[in-house]
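The same chain A turns up in both complexes below, where it pairs with chain B and then with chain C.
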Partner chain A sequence: MIEVRNLSKTFGSFSALKDVSLSIEPGELVALLGPSGSGKTTLLRIIAGLECPDAGEVAFEGTSATNLAVRDRQVGFVFQHFALFRHMTVADNISFGLRVRERALRPSKAEIRERVEHLLSMVQLKGLESRYPSQLSGGQRQRVALARALAVEPRVLLLDEPFGALDAQVRKDLRRWLRHLHDDLGITSVFVTHDQEEAMEVADRVVVMDHGRIEQVGSPRDIYDHPVSPFVYRFLGNVNGFPCRSNGGRIHVVGTEMIAPDFAGHGERDVTAFIRPHDFDIEAGSEQANATLRHAVVLGPQVRIEVNLADGQIVEAELARDVFDRLSLHPRQKIRVVPRRAQIFLDDGTQARAQPTGNGSG
Partner chain B sequence: MSALSALVGTRAARHTVLPGFGPSLGFTIVYLGLVVLIPLSAVFFKTAGMGWSAFVETAFHGRVLAAYRLSFGGALLAALLNAVFGLLVAWVLVRYEFPGRKLVDAMVDLPFALPTAVAGIALTAIYAQNGWLGSVLAQWGIKVAYTPLGVIVAMVFISLPFVVRTVEPVLQDLETDVEEAAISLGAGRVQTFVMVILPALLPALLTGTALAFARAVGEYGSVIFIAGNLPGVSEIAPLLIITKLEQYDYAGATAIGTVMLLVSFVMLLAINLLQRWRKSRMGG
Partner chain C sequence: MSKNTSMPTHSRRPVSEPALIRWALCLLTLAFLGLFLFMPLAAVLAEAFRKGTEAYFSALATRETLAAIRLTLLTAAIAVPMNLVFGITAAWSVAKFDFPGRSLLMTLIDLPFSVSPVISGLIYVLIFGLQGWVGPILADHGVRVIFAVPGIVLATIFVTFPFIARELIPLMEAQGREEEEAATVLGASGWRTFFMVTLPNVKWGLVYGVLLCNARAMGEFGAVSVVSGHIRGLTNTMPLHVEILYNEYDFVGAFAVASLLALLALLTLAVKTFLEWVHRDEIAAALR
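Take a look at the complex of A and B:
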């Protein structure tokens, strides 16, 4: 169990963390998700002890770690650029944490060899123990780094953008593999990422950060279905934002009248309506065309289209491949775009769900 | 030094997309020929003219042997001293921010820029028995000026920049996350330095030390002022060469030069091979 209480950290005039609190349950796999400069890496490094907070504290299992040096924290840290020891073989890299122990705690040579063997088979690198890091691929290097971190049997595994330096396919394989590894070992893990898909796919819980603060904490599904702020809404995948005016919860977006019952009691206010790309209905050959198709990208079973509204705004929508084929859409075609649902945010962050008014076409 | 660049240079030339390999290689060979090879081969030719027994008589005379010992031994000691303290200087300059850092950084290059005679006179003035440092050291019974120790001091002085300047850029490029990885795995400071940082710096450190050694072996100007030049005690080999030249004994001078050249070449070659071996072991 890791407890982070009221952490603050500034670098010069840049405030990286502002009063951040978070608790991580034993055995959890948590993702710190945010754009660059959101403070996610700083938070991770403070937990590891590689960075000192200006205020606040970190506690492991109830004991404060403030005065605990990095080497005594028993954390395994995996770096974005692997940080392998280039002059050491894979086996020497993995056993480093065991070899530097003081004599009384150091396992025997045979034990170390056995442990290395075991870890190598766990990270699926058997037979590569005498290679040097420069002779390995990126994905292999990161698995060596992971084995090296696990060799010391840490209480917590911390990973700083572990897949950031790898190419797309390797990244995908490796993050699935990390998830399985975590399921097998059950070691409390925290990883940093700026890739929402990665966070959604791998983590039990996602911590969304922005500007040194935690915006939202929750399960991936929770966060996707119920974003608490426009920032989270935008950050988790594509979304169209429409500034508009609400009167008694009624708004007019993309040529459609919509209503948010929760805001029925409100007067006239400025709001932002968010509509996800897959929440649009597309009709072709309608009398009431309200948009022009700019272009379409086929992504397997999905097609992503970009349309120009009459007022010039660009909207991104997604539809199933068969629907797209049935409509036989082509660029510059006049089409009708109708939102199915929208999420409306007020300036103060309160939100409500909106649906098209009764008859559908306003 | 030609050995060094020749060994490093050949590898990249084979699969190159850059045009102009022929002319640039041609130019390189002509240039090296004019500047390095022809003058050096002249040394051998001149020496060859004197006959074997005369060569042995001149080049391995007792006084000359003592001079070799001082030149090579002193240079080796000076280079090793600079390997340690030059590394320290480079470390401080790269890793710490402190007022006057730029000034210290510039000072490192002074031994490069200073006419060596000036350095020699300055060192002699300071380390002589009535000099600033010399008088202090004299109380402990340590004599620096006009002894072999003085020779080493001068050699250390002039060869310091080589180690600092070769290690500095490598140290700058050394990622701190490797050190952080070591600490997070439980390594102490000494362990991190010895097991992680030092091996990464070793190639540059070796090169710098080799350069420092080569410079110290060939140094003449600053050493002769502080050495006192007692035959068999504080007389360096380059001085013997000058002495022979002044006596118009050109063959004798080149004989000593040839021996120095061969020893230097073998030592530099050995260091280069060592580097290559290290590199091949790490898989390039």
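Take a look at the complex of A and C:
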């Protein structure tokens, strides 16, 4: 169990972390998700002991790690650019953490060899033990880095953008594989990513960060379905934002009247309505056309289209391939776009769900 | 000084100049090298052997010449290891740590390059000379620095200080701190990290630095000339000895010693090229 209490850190005039608290349960796989500069890597490095916080502390299993040197924290750290020892073979890289132990704690040569063998087969790199890092592909290097971190049997595994430097396909394979590995080993793990899809797919719990603060913590589903702020809403996938006015919870957006019952008691307010691309219905041949199709991109079973509203705003929508084919849409065609649901945020962050009232107006 | 940046690729270049320009550039380079490098070298050897090999070797075998060779070797044997330690320490602290005054330290490391060697020598005279700051105190304890071997060694250390540090700093900076961080997280102590990770990663830069430092230590003239006092057989290094012999119209002797110094430079280059060739795969791997 890792407890992070009121951490703050500044680099010069840049405030990387502002009073961040977080607790990580044993055996959890947690993603720190945020844009660059959000403080996620700084948080990870402070947990590892590679940075010192200006204020606050980190505790492992209830004991403060403030006075614990990096090398005594028993953490495994996987770097974005692997940081393999370039002059050592794969086997020497993996066994490094065991070989540098003081004599009393150091396993025998035979034990080390056995451990390396085991780890190599775990990361599916058997037979490559005498290669040098420069002779490996990116995915292989990252797996060596992982094996090296696991060799010392750390209490917690920390991964800094572990797949950031890899090709899209390798990245997908490797993150699925990491998830399985975590399920097998059950080691408490924290990884940093800026890719929401990666966080959603791999993590048990996602910590969304922005500007040195934690915006939201929750399961991937939780966060996607109930984002607490416009930032989280925008960050977790494509979204269209419409600034508009709400009167008693009624808004008028994309030519449709919608109502948010939670705001029924409110007066006239400025709000932002967010609509996800897949929450639109598209109709062709309607007399109430309100948009023009700009272009369409086929992404396998999905089609992503961009439309121009009458007022010039550009809206991104997604529809199933078969629907797209049935409508036989083509660029510059007049179509009707109707939102199915919207999430409305007030300036102060309170939010409510809105549905069409049913008496749509052109 | 970064001869380890460009590796031959042996690939056909997509962009190429016309043959005429290529030949012209090659010829120009060769002509320049011939005029400023090969011709003087040939002149040195020709002068040295003008009166035959016997005269050459007997000129080298004089007591004073042998003493100069001994002193030069001794100076290099002290200065190079000292600068090895200083250079690694300075490069490590500059490249791997952030601290206030870091850029000032970088500038200071370059100082011996930018200051005229004569001035470096004069500084030592000012400090350690009999009328200097520390000189009288040392003299009371029977220690002579100026016009003695310690002064020569000090001046040489000062002048050759930047070679190793300068070679290592860009290399260490390019390699970053991640490997050291990885080693530390894995439980390695500072010493172990240094000897198992940092040092092996920079060993080629270190070898070049040592070779260059050694060449300069043996060849240094200006600073050493100021502090040495030119006492024959006692405080004369090879470069100083060359000048003395030359001024006495002993051309065979002067050029014989000069040829030894030139030989040393060639040897340094040969060793460096040989090492690069033997370890070319490893160097290429380290750069990737």
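Here is the rule we use: the second predicted complex is superposed on the first by the 358 of 362 C-alpha atoms of A that agree within 3 Å, B and C clash if a C-alpha of one lies under 4 Å from a C-alpha of the other, contacts with A are read in each partner's own complex, and residues count from 1 in each chain.
The rule is simple: contacts are C-beta pairs under 8 Å (C-beta built on N, C-alpha and C of every residue); 3 or more make two chains touch, one makes a residue touch a chain.
Small disclaimer: the values here were computed from a predicted structure and weren't measured.
Q: Under the superposition described at the top, does placing chain B and chain C together on chain A give a clash or a fit?
A: clash
Q: Just to be sure I read the superposition right, which of the two partners does A:Arg148 touch: chain B = first, chain C = second, or both, or neither?
A: Touch partners of A:Arg148: chain B and chain C.
Q: Regarding the shared-chain residue A:His81, is it in contact with chain B (first), chain C (second), both, or neither?
A: Once the two structures are laid over each other on A, A:His81 reaches both partners.
Q: Now for A:Arg245: first (chain B), second (chain C), both, or neither, which partner does it touch?
A: neither
Q: Could you say whether A:Arg131 touches chain B, chain C, both of them, or neither, answering first, second, both or neither?
A: first
Q: Is A:Arg71 touching the first partner chain B, the second partner chain C, both, or neither of them?
A: Once the two structures are laid over each other on A, A:Arg71 reaches both partners.
Q: Would you sort A:Leu50 into first (chain B), second (chain C), both or neither based on which partner it touches?
A: Touch partners of A:Leu50: chain B and chain C.
Q: Mind working out whether A:Val100 is in touch with chain B, chain C, both or neither, as first, second, both or neither?
A: In the superposition, A:Val100 contacts both chain B and chain C.
Q: Which chain A residues contact chain B in one complex and chain C in the other?
A: 48-50, 70-73, 75-77, 79, 81, 83-87, 96-97, 100-101, 132, 134-135, 148-149, 152
Q: Spell out the residues on chain B that touch chain A in their complex, using ranges where they run on.
A: Chain B reaches chain A through residues 175, 177-178, 180-188, 191, 195-196, 199-200, 281-284.
Q: Show me the residue ranges of chain A that touch chain B in the complex, using the header's touch definition.
A: Touch list, chain A to chain B: 48-50, 70-73, 75-77, 79, 81, 83-88, 96-97, 100-101, 131-132, 134-135, 145, 148-149, 151-152.
Q: If you look only at chain A, which of its residues touch chain C in the complex?
A: Going by the criterion above, the answer is residues 48-50, 70-73, 75-77, 79, 81, 83-87, 96-97, 100-101, 132, 134-135, 148-149, 152.
Q: Along chain C, where are the residues that touch chain A in the complex?
A: The contact residues of chain C facing chain A are 178-179, 181-189, 192, 196-197, 200-201, 282, 285-286, 288.
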